[in-house]
Amino acid sequence: MLAEQAKILENRDRGAGVFLLKLGSPLVARQARVGQFVQLLISENYDPLLRRPFCFYNIDQDNGQIEVLYQVVGTGTELLSRKKAGEKLSVFGPLGRGFEIEPDLESAILIGGGIGWAALNKIHHKLALRDIHYVPFFGARDLGFYQAIGAGEVIPIPPGNIATDDGSYGYHGFITELVEAKINEEFHFSKPTIFACGPNPMLKAVQALAGKYDLKAQISLEARMACGFGVCLGCAVKKAHGEGYFKVCHDGPVFNADEVELSKI
Amino acid sequence: MLAEQAKILENRDRGAGVFLLKLGSPLVARQARVGQFVQLLISENYDPLLRRPFCFYNIDQDNGQIEVLYQVVGTGTELLSRKKAGEKLSVFGPLGRGFEIEPDLESAILIGGGIGWAALNKIHHKLALRDIHYVPFFGARDLGFYQAIGAGEVIPIPPGNIATDDGSYGYHGFITELVEAKINEEFHFSKPTIFACGPNPMLKAVQALAGKYDLKAQISLEARMACGFGVCLGCAVKKAHGEGYFKVCHDGPVFNADEVELSKI
Amino acid sequence: MNNPDLSTGLGPIELKNPVLTASGTAGYGLELRPFFDIAELGGIVTKAVTPEPRVGNPPPRLWETSCGLLNSIGLENVGLAAFLKDILPLLQKINTRVIVNVAGRTEDEYLEVVRGLNGNEGIAGLEINISCPNVKQGGIAFGTDPVMAAALIKKVRAATDYPLIAKLPPNVTDIVIIAERVMEAGADVVSLINTLKGLAVDVNTRKPCLATITGGLSGPAIKPVALRMVHEVYQALKIPILGGGGIMTADDALEFIICGAGAVSVGTAIFRDPKAPLNIAQGIKSYLAKNNIGGIRNLIGSIDLS
Amino acid sequence: MNNPDLSTGLGPIELKNPVLTASGTAGYGLELRPFFDIAELGGIVTKAVTPEPRVGNPPPRLWETSCGLLNSIGLENVGLAAFLKDILPLLQKINTRVIVNVAGRTEDEYLEVVRGLNGNEGIAGLEINISCPNVKQGGIAFGTDPVMAAALIKKVRAATDYPLIAKLPPNVTDIVIIAERVMEAGADVVSLINTLKGLAVDVNTRKPCLATITGGLSGPAIKPVALRMVHEVYQALKIPILGGGGIMTADDALEFIICGAGAVSVGTAIFRDPKAPLNIAQGIKSYLAKNNIGGIRNLIGSIDLS
């Protein structure tokens, strides 16, 4: 966990408001783990005031590089999208608790929703190469967004495992419906672990699925953040058991699905 | 007076913290007059909040271009200096009352101090081409700054008419001392009109000179501005005669030296 | 919804749309004419008018802070007589509501202006400025003390039939009490908020950045405080509110309206963009259309507190 | 001047330099250890301590505004017992001043915390938080009413020998009166300012952006207001002041010191850069050296009002 002046190596427009940012950030890259995140300082002035959190889309420790896949949604991401290769950017990280891939993992399901795929990209690459029963799923609003995210670009996702909100590609509907069908069809002999990141409604559906089929699920959450390292106590998410709140930046962003209450975040 | 999305054609680092900004801004260029100024909107966010005023260094009506010569002194100019050709910039102008060059002008003295030269550059070009007794003077902090400003680049200034604060080029001392010497030597038969822009202490010395030798002098002032077009009443400068204040943006920035009281601005 | 209804009201004052210029930030409104047709606005609130002309405070009068502007203009204005003679006739020709901002050093000065304005055509209401932080006597003292504020408004009420908007100072412990008292005293509307009292120092000279030491803070920096006060007053009293403070965009204006403002005033935004009030009015219209809301009145105070 | 003297004091509390972390923005100070040696700071002001643990407010607890941050944490903390057992022992090992921020819902709760802290090593003083805008009962009520504020401080004074810093709320008409009363009641220092009460609304959902509706505004947006209050209190009372509110840079801190703060607290800046307090301390040193000023004490209240 440190702050480093990184160099922007690339900030590529992938269409549909999605950009891929490649940073030379050797110290952060060295410590980074899948599912953790960084806080980027987007403005040297005070508007926007706070850093913005983004997870690692890719970590290249050998070359001291990290990648962030982001979607333009507001002031900060809009400003970020205008930065050019060669400029500097203060990177603070790696932060939080990432995904845990147990060594004896037998089977796995990956569920990415929209830009949430960014958190899963690296795990997708890792799991696909392992000798386990592994099935990735991806949902997006439409074909254009699917292409911009590039979920299946390097290592393909079976077309049957893709859903879009408008039906412009793959299944017309929620990705979790596809997942449930597959669980019923395919996973008779092993209990897959779910790894998921996406919008809150999707994560709630994942919680429900995991509960119904008694599956372990690791879900990556988002919350409004100020500090990103546990001192402001701002990024609260309700504990499912007992009183009180976890801090998404410190106790997460990855949680076991049964640890957290997603009704309010 | 209008606001126009201008295109940055060039934003060239001239050294010593001085930059030359060339803008494609046909509507503003068409109306612009020497000594007037524009307000540039430097940030789309609110820090800095206000536009920043800069005078016309050059006006090219034929090509619909204007130029601004600026010095990096704080947040706004620092941000401006990082803009690249091709980006857009909102230009608001032309604003204020510029220099008046009377058709029957017989002789003239130009006195530029530091970045204040920006306001005089265009007038320098105009007067040098006229068949009058015309003498330009320029003062700067040092040789490096003199070169960055480029006061004598296109149309030279006699080396004897240049002063630097540290003596690294030309006369070692205040430019107004040089001017006074020249008035005594050269202007026996005509009363030159002074056109001046520079730091406040220099303008005060110009006021004193004009008073002593009973010369007309037009001086261009600076003041903290909010609106730039006379509605906020913020850019006050005390009237020399009678009670009350002029507004630099509206009644100036160019004033007759005897109209204003420069002790407090 | 293709043509949502932008018309709204502030107590007895009917407005064709909810966007007004804030006092002191658009001169007498006329200065905006080069940029757009000011009849497109809900109204104009003039620069403060005092009995005699005022030259205002010495410079420096302005200082920029983070997302904010400190000013100390000191109510520079042409005075009542010149306003009536030179300015009001021009304003009367424009098809928009004109609200005259009234200020003074003493109760008598306020009353003198109000009486002088009486009987003139084309004045939709008076905004009584009991909250200017940049005038030594009077001004802020009237506003921060509920009893004095009410006493002043009562006398003004007795002196005129124009609709009265009391412009309250935000530098107070309890804005609701003051709002309540001035309404009881006869105000029709409260205007929230004027500038917050602030200070900046030049660390090199160790002098204050403004000649008057402190000044009034406006701009986006103060928006959260302004919204909070509008919300508090609306929830407690459900009275007509002219809301403002840091409005730069249509969304900002909508926040105020949702919190309970019947109309909004746009000030500092004009310094970045003279067309800001017009753009904001148009943006509000688009929002209504997009969200299929019939009119602005459906939105006022519609905050969802569930 | 090669080695200016950074040491300063807040009444009875001696500090090696004027930079402290602000309560609630650096946890218990320990969380900053990965980034720098916190013994380099003048001191640490802890997160509020209440008698029992508190889970805090429901989310969302944060909302960014223009140059500002609205928060509504709700004094989430581990409670007195855990503070004494788990945290204080760690803080005792660090060579810097530890100031414990104390909060409660009732006078008795404040007193319970104060008594529990009594007799412990390594506490340089208590900051009595009578100004938190995010707690329903108590909190802000104590601070905005001068009589209640003084009554509380008097009881706390009687209950402990620790130096007392009264942290006052800025949402008041007259900060000087409250400062005067709490000093009369036995406070040694006042801390100015806590957050301004603010609100933001999501125009799409029409819901407040924070679960608690209103929250506390911090960051650069509030700096002019904070400076003004420090200036007013210092000019009127010449008492020891812990100044803060929007300090991001050494220059910001210097503005507060020139206005009369004996030391400063750095809060929101830590969220942009955990090393901000250290950088600010170093920047102050450079300023003193560059301007040939012997020590920080020469600067306190040195504003040039001529």
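Going in written order, the chains are labelled A, B, C and D, and every chain counts its residues from 1.
Following the convention adopted for this analysis, a residue touches a chain if its C-beta (ideal position, glycine included) is under 8 Å from a C-beta of that chain, and two chains touch if they have at least 3 such contacts.
Keep in mind that what you see is a predicted model, and the values were worked out from it rather than measured.
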Query - Required minimum of steps from subunit C to subunit D, each step between chains that touch - result: 1
Report task. In contact with subunit A and with subunit D at once: which chains are those? Just list them. Result -> B, C
Query raised in the report: Which chain lies the greatest distance away from subunit C when centres are computed from Cα atoms alone?
Result: A
Report summary line: CA centroids of subunit A and subunit C: separation to the nearest Å works out as 46
Query raised in the report: When the C-alpha atoms of subunit B and subunit C are each averaged to a single point, how far apart are the two points in Å?
Result: 36
Query - Euclidean distance of C-alpha centroids - subunit A vs subunit B, Å - result: 54
Query - Touching two or more other chains - residues of subunit C - result: 66-68, 219-220
Requested in this report: Note the residues in subunit B that touch 2 or more other chains, in rising order.
Outcome: 45-48
Query raised in the report: In graph terms, with chains as vertices and touches as edges, which category applies: line, ring, star, complete, or other?
Result: complete
**Report entry** Interface residues, subunit C side, partner subunit A - complex
**Finding:** 66-67, 220
Report summary line: Note: in the complex, subunit B contacts subunit A through residues 43, 45-48, 75, 79, 84
Report summary line: subunit D residues touching subunit A in their complex are 24-27, 31-32, 34-35, 47, 55-64, 66-69, 71, 73, 76, 211, 219-220, 248, 268, 270-275
Requested in this report: Would you tell me which residues of subunit B are touching subunit C in their complex?
Outcome: 1-3, 41, 46-51, 90, 92, 223-238, 243-245, 264-265
Query raised in the report: Which part of subunit D faces subunit C closely enough to touch in the complex?
Result: 65-68, 70, 144, 171-174, 196-201, 203, 205-208, 213-214, 217, 219-225, 227-228, 231, 246, 251, 254-255, 258-259, 287, 302-306
